[in-house]
Amino acid sequence: MNDITPDPIDVLAVVDSVKAHAAGGIDIFIGTTRDHSKGKKVVSLEYEAYVPMAMKSMTELENKARQRWNLHEINIVHRIGKVAVGEPSVVIAVSSAHRDDAFQACRFLIDQLKLVVPIWKREYFADGSVEWSMQTHEQPVTHESPQAHP
Amino acid sequence: MNDITPDPIDVLAVVDSVKAHAAGGIDIFIGTTRDHSKGKKVVSLEYEAYVPMAMKSMTELENKARQRWNLHEINIVHRIGKVAVGEPSVVIAVSSAHRDDAFQACRFLIDQLKLVVPIWKREYFADGSVEWSMQTHEQPVTHESPQAHP
Amino acid sequence: MESKRITIRLKLFSSAKDLAGFDERLVDIPPDSKSEAVLIYLAKHNPLFERWRTSLRIAVNMEYVDSQHLLHDGDEVAVIPPVSGG
Amino acid sequence: MESKRITIRLKLFSSAKDLAGFDERLVDIPPDSKSEAVLIYLAKHNPLFERWRTSLRIAVNMEYVDSQHLLHDGDEVAVIPPVSGG
């Protein structure tokens, strides 16, 4: 299934979409937007995506998960556009006959999504500043490597 | 929070109960009743609990999880009585600032719940038979140890 | 001179309840009885309790105990077959 | 005799879009250009692209590629700053 949507994510619909009568367990991860970042109060967030590549990338992650674990259904839904603090930005639901598979696959999917799926978060702070979120291990300016500049 | 209830579990209410504005991630496990067991078709299930001990036991598991991981909220809800195939029998939701904590704690809670919380499942099969579910590694009659009989 | 007997509240669940044919009963036992005494008591009702013995856990006042746990007057003693929640 | 130039569709996102001041543009480049050519092109618009270079990934036709990937006429070439979905 999988989706990238500007609408609020219907968590129950995502859960229902992976229910199967054969299912033993469903693991769901919900990422909610935080009210603080870098010590500053966040008032709202905005997500931008390279939508067709992000959809393709999520399908590739789904296929990898299905190769590694024995799964019934997978649904990855990411929101784009403005998201209020506390609302889900991403919901991933995985159903499987054995819970171990669902837990491991769900964890794999959110970890990989955060590494490779082309989606970006912009944080609007209470002090009026606006910043594209960068992972702390990927600060481009400070971790610049001189060798990479031929 | 935690609850043992004869009513259908409101998954969304359980998720909402662990939402916190500080939260970064929520992991949810949903156990759904299976339509087959021991090669036979299951038509419905019934859960029985030693309710006060089960509630105490769930609180102890919650406390253990809070000692081991950095968590915001935990909610464990188990259903008792008749449960139709495909309906949730248990929902566990855990919120934390870092998703690793939520995933590990949620996994710990369902694993431990299945080992120690005094709740029993009775399966009603399509062929008319009714059986208390036993874990395969705990078949009492075949794994009987003679030394235990003084 | 025999000492006074103590009374415990015996609670049975799931398959143990089915085997015994009752779910709760006040039982008088000798003082200094250990938790395993309830299984000996139950085996008199149904010999299958003897065969199932190693898979039954005992909880006293809602805490799991081992077979040598000393029982006291007024204890709630539950026989816990293998659990299957989740 | 110079070979014909090829045209790629350059797409920018997030901070890369802000740095460049545009989000999509058709760009003519020499044939046999490699993916890193788009970063050299962008550095002419804003020297910060040179400093950020090591943290920018390139996707050609929606697949991540390395800096030496050969570009072809009609390729969609996206500059992917560090992602922060989830």
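Which chain is which? They are A, B, C and D, in the order written, and residues in each are numbered from 1.
The criterion applied here is as follows: a residue touches a chain if its C-beta (ideal position, glycine included) is under 8 Å from a C-beta of that chain, and two chains touch if they have at least 3 such contacts.
Since the model is a prediction, treat every value here as computed from it, not as a measurement.
J.: To get from subunit B to subunit D along touching chains, fewest steps?
T.: Minimum number of steps from subunit B to subunit D: 2.
J.: Touching subunit B and subunit C alike: which chains?
T.: none
J.: If you average the Cα atoms of subunit A and of subunit C to get two centres, how far apart are those centres in Å?
T.: Once rounded, the distance between the two centres reads 51 Å.
J.: If you average the CA atoms of subunit A and of subunit D, how many Å lie between those two points?
T.: Spacing between the chain centres: roughly 25 Å.
J.: Can you check how far apart subunit A and subunit B are, centre to centre, with Cα atoms defining each centre and the answer in Å?
T.: So the centre of subunit A lies 27 Å away from the centre of subunit B.
J.: State, to the nearest whole Å, the distance from the C-alpha centre of subunit C to the C-alpha centre of subunit D.
T.: Roughly 74 Å separates the two chain centres.
J.: Where in subunit C do residues touch two or more other chains at once?
T.: There are none in subunit C.
J.: Hunt down the residues of subunit A that sit against at least two other chains at once, touch-wise.
T.: 31, 110
J.: For each chain, which other chains does it touch, given as pairs?
T.: Here the touching chain pairs work out to A-B, A-D, B-C.
J.: What residues on subunit B touch subunit A, complex-wise?
T.: Checking each residue of subunit B against subunit A gives 11-12, 15, 19, 21-32, 34-36, 85-86, 95, 97, 99, 102-103, 106-107, 110.
J.: Tell me, which parts of subunit B touch subunit C in their complex?
T.: Checking each residue of subunit B against subunit C gives 31, 47-50, 52-54, 56-57, 78, 89-90, 110, 113-122, 132-135, 138-141, 143-145, 148-149.
J.: Enumerate the contact residues on subunit C facing subunit B in the complex.
T.: Those in contact with subunit B are residues 11, 13-15, 18, 50-56, 59, 62, 64, 78, 80-86.
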